[in-house]
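Supplied in C-alpha cells, the structure appears directly below.
Letters A, B, C and D mark the chains as written, and numbering starts fresh at 1 in each.
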Amino acid sequence: MFADYSMSELGAIFAMQGFAGLILFSVFVLMALGLAIIFGQMGVINMAHGEFMILGAYMTYLTSTLFEAYLPGLFSIYFFIAMIVAFFASGLLGLFVEWSMIRHLYKRPLDTLLATWGLSLILQQVYRSVFGAREVGVSIPDWMMGSLPLTDLVEIPINGIFVMVLAVAISLAVYYLMFRSSWGLQVRAISQNRVMADAVGINTAWTDRLTFGIGCGVAGVAGSAFTMIGSTGPTAGQLYIVDTFLVVVFGGAGSLLGTIASAFSISQAQSIMEFFLSGSMAKVLTLLVVVGILMIRPQGLFSLKLRK
Amino acid sequence: MSDKKIPAKMAGPSRRAFMAGTAAMTASLFLPKGLRAADFPTAEVNTTGLAVTDDTVTIGILHSVTGTMAISETGSVQAEKLAIDQINAQGGILGRKIEYIQEDGASDWPTFAEKARKLLVNDKVASVMGCWTSASRKAVLPVFEQHNGFLYYPTFYEGLEQSPNVIYTGQEATQQIIAGLDWVSETKGAKTFYLLGSDYIWPRTSNKIARKHIENFLEGSKVVGEEYYPLGHTQFNSVINKIRLRKPDVIYAIVVGGSNVAFYKQLKAAGIDPTGESPLVLTISVTEDEIRGIGGENIEGTYACMKYFQSLQNDNNLEFVKAFKEMWGEDIVIGDVTQAAYLGPWLWKAAVEKAGSFDINKVREAQIGVELDSAPEGYVKVHENHHLWSKTRVGRAQADGQYEVVFETAELVEPDPFPEGYQ
Amino acid sequence: MSIASNRLFTRQDIIGFAVLAAVVFIVLPLTLDSFRLNLFGKYLTYAFVAVGLVLCWGAGGILSLGQGVFFGLGGYCMAMFLKLEASTPENTAIQSTPGIPDFMDWNQLTALPWWWEPFNTLTFALLAVVAVPVMFAFIIGVAMFRRRVGGVYFAIITQAFAAILTILIIGQQGFTGGVNGITDLRTLQGWDIRTDAAKETLYYVNGVLLFSCLLIAQFVRKSKLGRLLIAMRDQEDRVRFSGYDVASFKIFIFCLGAAFAGIGGAMFTLQVGFMSPTLVGIVPSIEMVIFCAVGGRLSIIGAVYGALLVNWAKTSLSESFPELWLFGLGGLFIAVVMLFPNGLAGLYADHVAPRIDRLLSRKSADVGPADDTARAAAE
Amino acid sequence: MLDHNPNFVLSVEGLTVSFDGFKAVDDLSFYVEPNECRVIIGPNGAGKTTVLDLICGRTRATSGSVNFKGNELLTMREDQIVHAGVGRKFQTPSVYEDLTVFENLELSYPHGYSVFGALTFRRNDTVKLRIQEIAETIFLDTLLEEKAAYLSHGQKQWLEIGMLLIQDPELLMLDEPVAGMSVAERRKTAELLNKIITDRSVIVIEHDMGFVADIATRVTVLHQGKTLSEGSMERVQSDPKVIEVYLGH
C-alpha cells in the first residue's frame, strides 16, 4: 500500500500516526484515571462514570455560553475556567452520591455496579430534561481548534496537544495526591486494610467520600476536555464505559502506573490496527486481544504478588 | 422555486386566498369550508374498525424519545405534531380532528415492534407516523404488514424495500447520492473519492451505490478508500491520516450520531478545513440538526446532499419555518428528516380525502399519485413504489449552522429503491 | 433443612411453583388480550435468563454481565433457521440471488455461507439453540474459572464479550443482518408464527419450557451441587480443600445459565418475530441482571416475577410517561440494591411466608429453608 | 525424591518460595513419619502458614519438592492433593455459615466430587450415620440443625476439624487449632486432637507451648523461612538458638 509514496511522505504519515496514537493514549488516560481511583482504590464499580464525564462536558457548555454572553473578551481562555467548574460540579455530585448511596454498599462491590447503573439512567434523563435530547454544540476558542504545521506534511492538531498536556498534568496531580500527600497515604492505607486504618484513627468515612469525589471530579475534567474531540449529549457517556473499564482492569486494579501502561498499550494497538485494518475490525481485534491477555493474566499488567 | 404549478387533483376553489390567510401550511387538497363530518358518516368512512369516531380520528406517533436515537428523532416528533395541529386548525380530516397516541421506541428495535403492535392492535390507529433508523423500520415492518397498518417513514434510507404498508417520505439512496456525485464531479472536477461511514446498513449500502456510480458512470473517477467505524466511535485520527495518505479529492462521509461530532471536530483540528475544499467533504448524513452538536464553525465548508434545507427560500418553506419556530422555540433548527416527517400527516390527509375513507386499503390506493405543491421542499408527488418524487439539492454548511443551497436538480428525481446496475 | 427430609420441594416451594403456574397458565391468559399476552410471553423469555442468573450469581456468586450474549446466540440460531425457511426462491424472486436471505443479497453475497447451511434443518437449529451458547460459555468459563478470575473481573470481562459480539454482528452484516438483525421471520415448518393463534400457542410452549427450566434449576439447587455453590460463594478455599474442583462447578453452572438464556433467546425470536444485536449488547445484559435482582437474586421463582414486573413497569411507564420512565427504572435499580437487596422474594419471605406458614400448619418443622438462607445472606 | 522412603509419609525437600524477591520459605526440608504429630512453631512471619499453604497447593512453590506417599504434590491441583489424602484446616475457622452443621459435614463427605456426582448424590443412611458419628466426636451432635453462622468461635473450629475428619485424611494439617478459644474449649480441643491424631500423621502450627508439649511427637522451629531447630520438645526448648530468637523477639 505504500509503493506510491515518497520516503518523506511516509515519514510524515508515520509521525502523524504516532501522534494520533499518543492522542488516543491521552484520551484513555483521562477517561481511566478517575475510574482507577474509584475502582482501583475503593473497589467501587462506578457504571455512571461516563455520566460524570458528561456532566463535566455540560458544565463546559454552560461556561462557554456564559462567557459568550457576558465576557466575550475572555472567551479565548474560558476553557480553563470551564475545567475547574467541571471538576467541582462532578466532584460535588460525587460527594453527594457517595454519601447517599455508595457508602452503604462498600461490602457489596457487585451491588455498586447495579446501583450506579440506575444512577446513570437517572442522570441521562436529567441531562435530557435539562439540556434537551439533542447534542449541544460547545464552542471552542479558535486557537484550540487549529493545527500546528511542523513541516509541509506534518500537521499537529492543537487540541491533541492540549489533551496530552492535560493528561500529563492530571496524572502528575493524581500521582502527587496519592503518593505524596497524607490523604493519599490514608487512601492507600484504607485500600489495604480498612479495619486497621479505622483503628489507627483515619477518618475512613471522610477519606472515602473525598476519594470518590476526586475520582468523579477527574472524570468531569476529562469530560470537559472531550468537548474538543467528541460529542456532548445525554447518552454520550455510555460510549466510554467499556473502554474505560477495560483500561483499568487491564492495567491491574489498584495500580495507577498499570492504568497508564495499559492505556498506552491499548491505544497503540488500536491506533496501529486502525491504520492497517478497517475501523470496526480494529476495534474488535483490540478488544479481543485485551480480553485474551486478561484471560491468561487476570490480575492485569501490574499487580503486586502478595503473600496470602 | 415553488412556483411550479401543477394542478392539484382535488384542490379547493380559492386556494391562494386561503394561503394568504393562514400561518399554517396548506395542503393542496384542502377541503372547502362546509364539508363537515356529518357528510362523511363514520360507518362509511371506517369499515374496518379503526379508531375513528364521529369527530375524531386517532393516529400513532412512534419515535424514540429516550435512548441514543432520541437526539435524531425529536425533530420528527415535533414536525408531526406541528402538521397535526395545523390540519386540526383547518378543520381536520373529513371533518374529524386528529388525535394522536405517542409511543416511545426507546431506541430499541424490539420495543418498536412491541409499540407498533400496541398501536395497531390495541389502539386501532388509522395510520402511524414513525420510525427513524432502518433497524426500527425493519422491526415494525412485519407488524404493519400482518395487521395491515399504514406507516409514514420520514428518514432518507438505503432503499431495497417497498412495502405496501409504508409510505417513504424521505429519499431512498439513489435520490440522495447520484445527483450529488454528478455535481461534485462536474463542477468541482473531483476524480478520487474516499468513502467513510458508520458501520451499519445505511452507510454501507449508500457507499455501495456511490462506489458503483463513481466507478461505472463517472469517467476517470475512482474510489481510493472505503472504511467503516462502529457506531459511537469517537477517535478518527487514524482514518484522517489514511485520508492524508490517499489524498482524495472528495471525502464522502456517512458518519452518524455522536461519531459525527467527533469526526468533524477532529478533521478540522487535524488541519483539514472543509472550507479549503482540498479535499472537499461531501456528506449525506449531516442535517442542520446534527450541525448543532458539531458546531457550525467546525463543519463550515462541508457540502451536504439532501432534498431539503431550512434555508430554502420559497413561500411554503418560509411559512413552515415560521410556524415551526412559533411552536417549538426560536432557536430550533429544521433538518431534512424533520421536513420529511412533516409531510407524513399531510400526505395521509390528502390520501384519505381523495379516497373519502379511512380504510387502509382505500387510502393505500388513493395515496399513489397524490401531489403536494405546497410542501416546504416544493412540489412532491407519491410514486407508485410508495416513495416520493423529489429534487436533490446540495448545500454548503455555513458557520451559523445553516446550509447555503448551491445546487438543485432541475427536475424531480424519480425514486428507485431497487436500482438496476447498482446492486 | 431437616436431615430426614431432603425433598425436592418444601411446602413453600410447592406454594411458589403452584402460584406461579396459576399466574402463567391461568391468570394471565384469562385476563389479557392476545396482544398483551404476547407481550408477557416476551417478558417471560427474559425470565429464562434471570433464572440462570439466580443460579450463577445468587447461588454461585458469579455475576455475568454478558448473559445477553447467550440470549442472543440462542435467538440468532433460531432466527437463522426461520430466515432460511422464509427465504424461499419464490419469496425472494426479486433478488439478484434468489433463495438466500435478503440481507445477504444486499451485501453482494451470492451463495449461502457454509456455516448457515446446517441451519436448514430444524433439529440442528434446535440443538444449536442450546449448544452454541453452552459452547461459548464453556470456553469463557474454562479460560476464566481455571485461572480463578472471579467477582468484578469476571463481570467486566463478560461485559467486554457482549461489546465484542455486538460490534462483530453489526460489522459482519452480510452474514448476520447487521444492526437490523434478522427480521421478517414468518413460518416454522410451514406453521405461520405471526398469527394470534400461533402466538398464543407459543406463549404456552414458552411457559412449559420455562417451568422445565425452573424444575431443572430447583433440582440443581436442592442437590448437593446447589449447596456446594452456596459454600463456594462464602468459602471458596474451604470447598477447594474439601477436595472439589471448584472451577468445574462454576463452569457447569455458567453453562447451565447460558443454556437457559439460549432457550429464552430462541423463544424470544419465535414470539417477537426477529432477533437483533440490540439484545446482545451491554445494556440488555445489565437489564437482565436487574430482573434477577428485583425478583430476588436467591429465588428462582422470584426471578420470574422480577422479569415480569420490571418489563411490565417499563412498558406501562413508557406508555404513560414516555419521557420520564428512565427515572422510574433508575430509581428502581437503586431502591432494590439499597433497600431490598433480596428483592421481591426477600419481601415475600419476610412478610408473607411466615403468615402463610402460620395459617397452614402448627407443626412448623418445614419452614422454607431457601428463604432463611436468603435472610442470612442479607445480614 | 524418586526413591521415596516408605518410612516417611511426607518428605519436604529444598522447598522455597519467594514473593517479589522476598523468600518467605527458604530451602526448607523436613520429613514426617507415619502417625507422627509434628508441631511447627516460630515467631510471627517465620513462614509457618506458608509452609502449609505450599504443601496443600494454595501457594505455588518457586522450587523444591513435596512428596506425599510417592506423589509429588507441587504439580497437583488442590483438590487432587485432598484426594491423595491431605487435609488442611485454616487459621481462621472457615465453615459455610449459610449452611447447617449437618450440611457442612455433608459437603465434606468424601463422595460425589464431580459435577455429575454432586448432582446425583443421595443423602442415604450411610452418610447420615457417618455424619452423626463425626458430630459426636466434635461435640456438635446436638447442633446438627443449627446454621454454622450461629456457632461460637470454638464450635466453628471443631466443625472445621470435623469436616476434615469425615474425609479420613492420612495427613492432617492444623493451623492454630486452639487460637481464640476459652480455657474450657481449649481443654476439650486437646482431648479431641489427642483422639484424632492416633491413627494418622498430623502437622500442627501452634503458639501455646503447654498445648504443644501435650500433643507433639516432634517439634520444628522455623525462623525466617528456615529450620532453626528440630527434635523433641525438650531438645528444642533447650536449644540456645531458639532461646535467642524467642527472647530477642
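Remarks
Here is the rule we go by: a residue touches a chain if its C-beta (ideal position, glycine included) is under 8 Å from a C-beta of that chain, and two chains touch if they have at least 3 such contacts.
Keep in mind it's a predicted model, so treat the numbers as computed, not measured.
Each chain gets a centre from the mean of its Cα atoms; the one farthest from the centre of chain C is D.
Distance from each chain's C-alpha mean to the overall C-alpha mean is smallest for C.
Inter-chain centre distance (chain B to chain D, centres taken as mean C-alpha positions): 76 Å.
Note: centroid distance chain A to chain C, computed from Cα atoms, is 33 Å. Distance between chain centres (mean CA atoms), chain A to chain B: 37 Å. Chain D has its Cα centroid 43 Å from the Cα centroid of chain C. Touching of two or more other chains is recorded for residues 58 of chain D. In chain C, 167, 170-171, 323, 326 are the positions where the chain touches two or more neighbouring chains simultaneously.
Within chain B, contacts with two or more other chains are made by residues 65-66, 199, 228, 230.
Only residues 33-35, 38-39, 42, 94, 96, 102-103, 105-108, 167, 170-171, 173, 178-181, 183-186, 194, 268, 272-274, 276, 278-279, 315, 318-319, 322-323, 325-326 of chain C touch chain B when the two sit together in their complex. The part of chain B that touches chain C in the complex is made up of residues 65-66, 102-104, 106, 108-111, 113-114, 117-118, 121-122, 133-135, 138-139, 141-143, 146, 158, 160, 199-201, 204-205, 208, 228, 230-231, 418, 423. Touching chain A in their complex are the following residues of chain B: 65-68, 70-71, 74, 199, 227-230, 232-235, 237-242, 244-245, 257-262, 265-266, 268-271, 289-298, 401.
Against chain D, in their complex, chain C makes its touches with residues 1-3, 6, 219-220, 223-225, 227-228, 230-231, 234-235, 237-246, 248-249, 252, 372-373, 376-377. On the side of chain D, the complex with chain C involves touching residues 56, 58, 77-79, 82-83, 87-88, 90, 94-100, 102-104, 106-108, 110, 112-115, 118-121, 123, 128, 144-145, 147, 149, 160, 163, 167.
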